[in-house]
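Take this structure first; my questions come after.
Chain lettering (A, B and C) follows the sequence in which the chains are written, and residue indices restart at 1 in each chain.
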Amino acid sequence: MLEIKDLVTEYGSVKALNGISLVAHEGKITTVIGANGAGKSTLLRTISALEHPRSGSITWKNKSIVGLSPEKIVRLGIAHVPEGHAVISQLSVEENIEMGALFRMRSNKADVRLAIQEIYQLFPRLEERKKQLAGSLSGGERQMLAISRALVSRPSLLLLDEPSLGLAPLVVEQIIQTVNDLCRNTGLTVLLVEQNANTALGVADHGILLSLGTVAADLPAAQMKADVALRAAYLGY
Amino acid sequence: MSKASSYGRKNLVISILFTALVFFLSIKLDPYNQGQLSVALMFFIGILSIVLLTGASGQISLGQGALMAVGGFAAALGILNLGLSIWFAIALAVFAALLAGLLLGIAAARLSGPYLAGTTLVIALAIPSLATRFESVFGGDVGLTIDFGNPPAWLTSLMGEVGYEQWQLLATLPFATLALFFTSNILNSRTGRSWRALRDNEVAASLAGMKISETKIFVFVISSGFAGLAGVLYGLRGIVGPSVYPISLSLLLLTGAVLGGIRSILGALIGALLVVFLPDLIEWASGSFSPSEQIANYLPAMISSILLILTVVLNPGGIAHGLHHKKSHH
Amino acid sequence: MDIFLSAIFAGTSRGAIYALAALGLVLVWRGAGVVNFAQMGQAMFSTYIASTLIAQNYSYWVAFVVALVSGGLLGALVDLLVMRPLNRKRSSSALDSPAMRSTIPVIASLGILGVLQAAAGMIWAAEERGFPTPVNSLGLVINGKIMPFTAFDLFVIGIVFVTLVATTYFFKGTGMGLAMRASALNPEVARLSGIRIGFVRTLSWVISGVASSLAGLLVTPSANLSPYTLDLILIIGFTAAVVGGLDSLLGSVIGGFALGLLVSFVNVYDAPEDIFLAILIVLLTVLIIRPQGILGSKEVRRV
């Protein structure tokens, strides 16, 4: 279980997160929705230690992870797929995937091979293009690659930042469905940040609505999806 | 509108105070320090060219010494071949440097960061080597001899005896004041703001309709004019030649600019004084230790290099930034 | 014909040195995203150490190994003492803008160059020293004429190719090489993948330090040692690296040999004074016509 209490993160004097508390249960999809600038990305970046919180606590499996480096956090089984199809476009598809497993290559080479095989089964298109540079892929393929890079580390918690950004609805559907299957079949815990509330709440177990760096609502996903007044007030539709 | 004119008035007052202070010092100092101060003023102009280029618009140049050489050689040729007075020669030098800056800017506008640094470094080596290539025109390794000449009669009748170093300082002063006035006006103008926009975010500036290449070239031209002016004054001390404008001169100016504060006019002045007087200061401070000659020779270079590293790591805004910072907090 | 041949030979042996210098620059660029203008200062310093050992009657090879090790150590020191604090500072600094981000490490590396040169001057004085070669340096004889090409030159060229093959394999064929490329290209994604970018960067400074002290050791027999002699190699090495493509190891070697031949032909057929002008023209031509260099990839010029 990921548990966050009273988390505050500042950029200069601006409080991007102003006292956030939430829980993401194991084996479930928790989605964080909210308008632009609500602090969704900052939340994920603080969990994976790309930003340092001002105060508050983050515990994963009952251990505090505040103050660890991003490299260390990956080793605890937390994988972050940042916003914007974050792959390294000058490296090949194969290299991008391999990169995510470098840290455990020496200790468990056989399992890394297996993990890469599983990824190619999940996204056959990536195997077809494994020798191509990541920069030559389409937006959807790049997002798949970014997720693969995270999955190859065999995480138990996946932080997914706006996977739908700039993608066609059909591709979004496919990616979200893949994440959903992973969660249901392997017990992966997912914290999914989305601006596209309908899609995210459609697959999630739980919904958290952020507004201006605070939690505005914390409800089961189905209930949040049905709450028209709430969505009108915070998301404008 | 009123804000702009209040800036203008403030700049005018500062420039007058600056002139009065240096004039006062020119009477009080001994000849050696008059000479040193005049070199500091020349470096001040040279460092202003870096403040405009690197500080305001974000382009680095390790080749300002080459542009100084262009100014120096243009003036020397004007004086020796056309019989120009030093004042016309100075104007010619600035014009030549502006032209060289235009060429350099056209080549450099598409470069940035390490590419620009390396290319300007090669330029700093290539331009002075032209002097040895065309020995009959530029005087080869030795160079061409020019100087400030004798102080004019009206000055001696006004001030009594005026020594060479004092005249060198007094002749440099109006140009330093002019450079100071011009720089502070341009940095506070629309033009200066557009340069800073370019530096802070090139993509946003171009989306806002700025013509990126043309702006960069324009900054290069203006900055080169300053470097050319500094170069001719530096050469008028006696010789214009490749040994007067070595690559270490370019690096010395950059060091001064960074130490003083690469975004500040006050920083440029502090930096210029620092690099010129540092050797004297070290000699004075280490007097009681009396280090061996071998160590003493390299001490100024060692200390200024260490200061350079410490500045970029600990306080990239330089001394002037620290001063402003304090002021705004108290 | 003899003149032409001798120009070719001289150019090839010079080119090998430039290639090594360029390789050193490319290694740090690919591993840490910095063009290191202090590189040949580091090389000069470790060559002085070797020269001191040789003067005290240690064998050439002992001095050779000590110089490479100290070159690597110097590289690590530069990273740990200057570049790493700089990286930490840059994200919160008052001068933070893309233009300044790529400019500040350049200024820092010039400061390091200044420190190394002054330190060498203080320790070893400015006296120029000769430096021995490990194999004989008598000219090759063709048609009864002595050519400016020796067994030592062959040795140098051999070392260049070994270095090229070894570093290329390292980058393309090993996990650490992949980690290094990833950290230079996109530090954030690299860290999120679990790569210890601090360690990886220091390692690239070490490798580049070794490569450049190799260049220092091999060039010094023909150029005498002083705190400032290797500056020239840096400038030509930089041009070679840009000509080849700043991110390509093979490109930098090709660039190095091309520059060697250029310098040699200008020397023989024109005049030594024109060397820098010729280099400037080549550099500007490449940057204008093909800014990514002969073998560089287009996207590398992201600065």
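Definition applied: a residue touches a chain if its C-beta (ideal position, glycine included) is under 8 Å from a C-beta of that chain, and two chains touch if they have at least 3 such contacts.
Note that the structure is a prediction, hence the values are computed from the model and not measured.
For the interfaces B-C and A-C, the C-beta contact count is higher for B-C.
Here the chain at the heart of the structure, going by C-alpha means, is C. Averaging Cα coordinates per chain places subunit A and subunit B 52 Å apart. Each chain gets a centre from the mean of its Cα atoms; for subunit B and subunit C, those two points are 31 Å apart.
Subunit A and subunit C have centres, each the mean of its CA atoms, that are 42 Å apart. Counting only residues that touch two or more partner chains, subunit C has none. Multi-chain contact residues of subunit A (touching two or more other chains) are absent. Contacts from subunit A toward subunit C in the complex involve residues 48, 50, 69-71, 74-75, 79-80, 82, 86-91, 95, 98-100, 102-106, 135, 149-150, 153.
Within the complex formed with subunit C, the residues of subunit B that make contact are 54, 57-60, 62, 107, 110-115, 117-119, 121-123, 125-126, 129-130, 132-133, 199-202, 247, 251, 254-255, 258, 262-263, 294-295, 297-299, 301-302, 304-306, 308-309, 312-314, 316-317, 321. For subunit C in complex with subunit B, the touching residues are 29, 34-35, 37, 82, 85-86, 89, 93-95, 97-100, 102-104, 106-108, 110-115, 117-119, 121-122, 125-126, 231, 235, 238-239, 242, 271, 273-277, 279-280, 283-284, 287-288, 291, 301, 303. Contact residues on subunit C toward subunit A in their complex (touch as defined above): 175, 178-179, 181-182, 185-186, 188-197, 297, 299-300.
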